[in-house]
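Below, subunit A partners subunit B and then partners subunit C, in two separate complexes.
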Partner chain A sequence: MRHVTSLKIGPVGFRIGCDWRAPIADLAELYRDYPKPDDGIPDFNVHLFAARPWRRIIRPSVHIAGDFVIPDAAPLPLAMGVLAAEMGMNLQMALGQRRYLLLHASAAERDGKALLMTGVSGAGKSTLAALLMARGWRLMGDEFALVDPATGLIHGFPRLISLKNEAVPVVRAALPKARFGAVMEGTPKGTLRHLVPDARAIAAMAEPAVPALILFPRFGFEAAERPVLPSETFVRLTQASTNYVALGERGFDALTDLVRTVPARAIDYPDTGTAMRQVERLWSAL
Partner chain B sequence: MIAYRAASPATLRIVPLDALTLIYHRASGITHIVDAPVPEILEALVEPLSVDALLAHLSEQFDLPDADAMALAVRLDELVDAGLVERL
Partner chain C sequence: MVGAVTGAMILVDALRDPATTAALDGDGWTTLLAIARAEQLIGTLAHRLDGLPMPEAAKRVLADARASAEQGRTAALWEAEMARRVLPDMPGVLLKGTAFVAAGLSAGVGRQIGDLDILVPRDRIAEAEAALLAAGWEWVKPDPYDDAYYRRWMHELPPLIHRDRDRMIDVHHTILPLTARVTPDAAALIADSLPLENGLRILTPNDMLCHAAAHLFADGDLAGGLRNLWDVHCLVEEFGTDGLAARATHHGLAREVARALRLSATLYSPLLRGRGPGRGAVITGEPLVAQASLPGPLPASGEREKTDALYLRRLLARDGWGCQTRRLTRLGFYLRSHWLRMPPTMLARHLWTKWRKGYLPAGG
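Let's turn to the complex of A and B:
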């Protein structure tokens, strides 16, 4: 591919090749403080390409591929090249990750202990993780948390934080000095803007943490909390994992250990201020 | 007389949680999430038993107000299909 960059997020190295210069330049700038893959060897490749040579120039649209591919994935306009790269990296993780049990969850660390938050799109995983980062927590990731079956520890995956719609101004107000990517309107998830994790999140991204609390947040409801039994947590986390089945018994052991040892709560919240108070209170009660 | 026996303990990882029990079936790689009386049935079937003998055994151990051999046979057939129980 004509244009290439490589980077490491948490324990995973990526090489991203692209037919166009602009997405790689934008990506290199947003990920400028991230390390390179160990020994220069990536775990996964992402390719962003034009379906036909002339489509590099005429109505350019970015197709996403790599080591692992979803057939018929819809292309994105060139202005959303960074989003295409992020989706490409997520796709490699979702389809190809075998070393860790992958949970579709955001994670933040304090005092060596990790808080995991999982839920459907729009539940507030990314927003709450970004706001916790603004309050001094170490961001471990807004999309994937990696459970090491050998140790039970959580490894972070602090890629660019993907803020959607009303979360964009809320997080911008909480982090006025943070670095943000371009505003992308009309994406498959509405208006989207990437936030660069802070220096601490990047510097400490290789440090795992002991899982201490699992939250299932829901945005847009009256404030409420309830404990979640291990069996329900198990079912919800298998649904939130893309590689539970592929890991076989290692995945079963990692997940049963997690749900038996870590308390879980469902929290409903009407606004982010309420959610922050709920999280801090539940955390301090551990 | 048809007898039933639980799959070899070496093929099962049984983890009781709260109300439910998780069973990882090594032979198929499938995780089963089961409620009572499945764990109790698997425990009883370490020795081959007929449906009637199993029902008698479960009735001794537990208060079964609606003990029904036909219903138990249907449950056992489901467990045979899942590979958790063998039909001998």
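Let's turn to the complex of A and C:
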């Protein structure tokens, strides 16, 4: 690997190697305030490479691999190099994480307590997490929340927030002074723009929080909410976890403890203003 | 820290002599862990280094690897039990990783286990297939050429995967493809196998060594070879080599077994502890221990040293990211693996079919 950068997100260290200079330079700039992996030893490596030597120059396309790989991962154009790096890190977490139960959820903290939000792509996980950050919550992450099986606490994973399509202008309006990455059109998820978490999110990223509320948001419906039973929460979170099966008994114990002790609600919302009011109301009623 | 010349030697050194890791800096640990993952030896390494002083970040990664291997062991034993229940009257012999953990062998400590490999008598393979299909296993290979190829020429059924547990089973009736130039005595493997308490069976240690050598040198392209040779090293340390030469000759695998012993001793022999990394002996393939000199149709010693060195070149071909290097050497071994598996005209036909379908060897 010709170009290298290392960084730490939450409790997880990464080393990213790349055949091209630009993605590493962009990544290093966006992650400039993040710490380096402990002891100079990353948990995971990401490889961004050209499938054949000449493809570095002719129609360059970035293949994504690392310590853990999936066959046939589709390459991305060089202009989406930062996205490739993010996907590479997500891939390592999804396939290789064994210390924490990994939930596909965004998370935000207030008063030492964590709010988890999970749902399918497009439900608004990233958008709502970014907007909560704008309202003074500590962002813990927009993609993964990590449950420590030993303590039941939530560890954050505050990587770059990945804003998609109509969320980009909404969050830009809410956070006019924030740092954003380049606009990427035509990604597998449409228009995408990265948002750098604020200074507080980065400074406190190693601090875990006690899980206090689990939300299942859905965007694009009349405002509504209903309680979700622990049984349904359990099943939905097994589906939202990439390593639940691989963790075996530890994963089962961690998840059953979580759903037994933490209340869950499903909320439908037509717009983000409504969603913020719903979240604040549910949170203050805890 | 580790250049292209020594490659995966950093991992071999750490397995052979865990004290060598005391000299590693952050980059050295990063390289070691990346290569150990790539060679599927990180669980083994984690057990070898357990309790030694090391940086906290490395300790965490290795603790995760141990937990992961332990969960893998549980899952592998459960999968073996599932197969046993479906094939209650079959003398099913567990092979490779699952056999090592089922019998509590040192080769199984921390070992990563993928598929369940099981050996059944050839005249009962159709029965085994029908029973597995009825119990929830399904075909993996959708391609009719692959399916027909397995059935006609291979030493195992086309792989089956269980639809609920998502785990693969390879049902073997012998340990080398039918097209290979060597024909091991499969009936003797089963007849002499040893019973476990639960009704499943394992090969005798000598047959385990013959199987490991056959798999490594008469079948595959040496991918995963460092792990295979670690298995060989552990089996020899635990059981010795009494009667091995005669057994290997009986199966027609004397040359392969001798090479496996030589290479595993060259890489992992405890006699080499303290000699430090980057030893010249490895590169020249200098014969190191007496046990490596088995009788059999061996080439002259100069020739042998040269080919051993070539094998080592292939086995150690990793860079500091765990990525494979030495594309040409690997391509050579890929072609060789097919050459050994089938006669030339069949080989030509097979590779033509595969390449037309877009299969490329040794990518990445």
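In the analysis below, the second predicted complex is superposed on the first by the 286 of 286 C-alpha atoms of A that agree within 3 Å, B and C clash if a C-alpha of one lies under 4 Å from a C-alpha of the other, contacts with A are read in each partner's own complex, and residues count from 1 in each chain.
The working rule: a residue touches a chain if its C-beta (ideal position, glycine included) is under 8 Å from a C-beta of that chain, and two chains touch if they have at least 3 such contacts.
Here the structure is a predicted model, which means the values were calculated and not measured.
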Next on the checklist: Taking subunit A as the common reference, can subunit B and subunit C both be placed on it without clashing, or not? Answer clash or fit.
Outcome noted: fit
Next on the checklist: Once chain A of both complexes is superposed, is A:Asp67 in touch with subunit B (first), subunit C (second), both, or neither?
Outcome noted: second
Checklist entry - So, A:Arg200: does it touch subunit B (first), subunit C (second), both, or neither? => result neither
Next on the checklist: I'd like to know which partner A:Ser231 touches here: subunit B for first, subunit C for second, both or neither.
Outcome noted: first
Next on the checklist: Under the stated touch criterion, which partner chain does A:Ile41 make contact with: subunit B (first), subunit C (second), both, or neither?
Outcome noted: second
Next on the checklist: After the superposition on A, what does A:Gly248 contact: first (subunit B), second (subunit C), both or neither?
Outcome noted: both
Checklist entry - In the superposed arrangement, which partner chain does A:His3 touch: subunit B (first), subunit C (second), both, or neither? => result neither
Checklist entry - When the two structures are laid over each other on chain A, which of subunit B and subunit C touches more residues of subunit A? => result C
Next on the checklist: Quick one: is A:Lys113 in contact with subunit B, with subunit C, with both, or with neither? Answer first, second, both or neither.
Outcome noted: neither
Checklist entry - Of the partners subunit B and subunit C, which touch A:Gly13 in the superposed model: first, second, both, neither? => result second
Checklist outcome for this item: Taking every C-alpha pair between subunit B and subunit C in the superposed model, the minimum, in Å, is 5
Checklist entry - Once the two structures are fitted together, what part of subunit A is touched by subunit B and by subunit C alike? => result 248
Item to check | In the complex with subunit A, residue positions of subunit C that touch it | outcome: 25-27, 29-30, 33-34, 37-38, 55-58, 60-61, 64-65, 67-68, 71, 74-75, 321-323, 363-364
Checklist entry - Hey, which residues of subunit A end up touching subunit B in the complex? => result 229-231, 234-235, 238, 245, 248-249, 252-253, 256, 259-260
Item to check | Touching residues (chain side subunit A, partner subunit C) in the complex | outcome: 1, 13, 15, 17, 37-43, 45, 47, 51, 65, 67-68, 98-99, 246-248, 250
Checklist entry - In their shared complex, at which residues does subunit B touch subunit A? => result 13, 15, 17-20, 22, 24, 26, 29, 31, 33
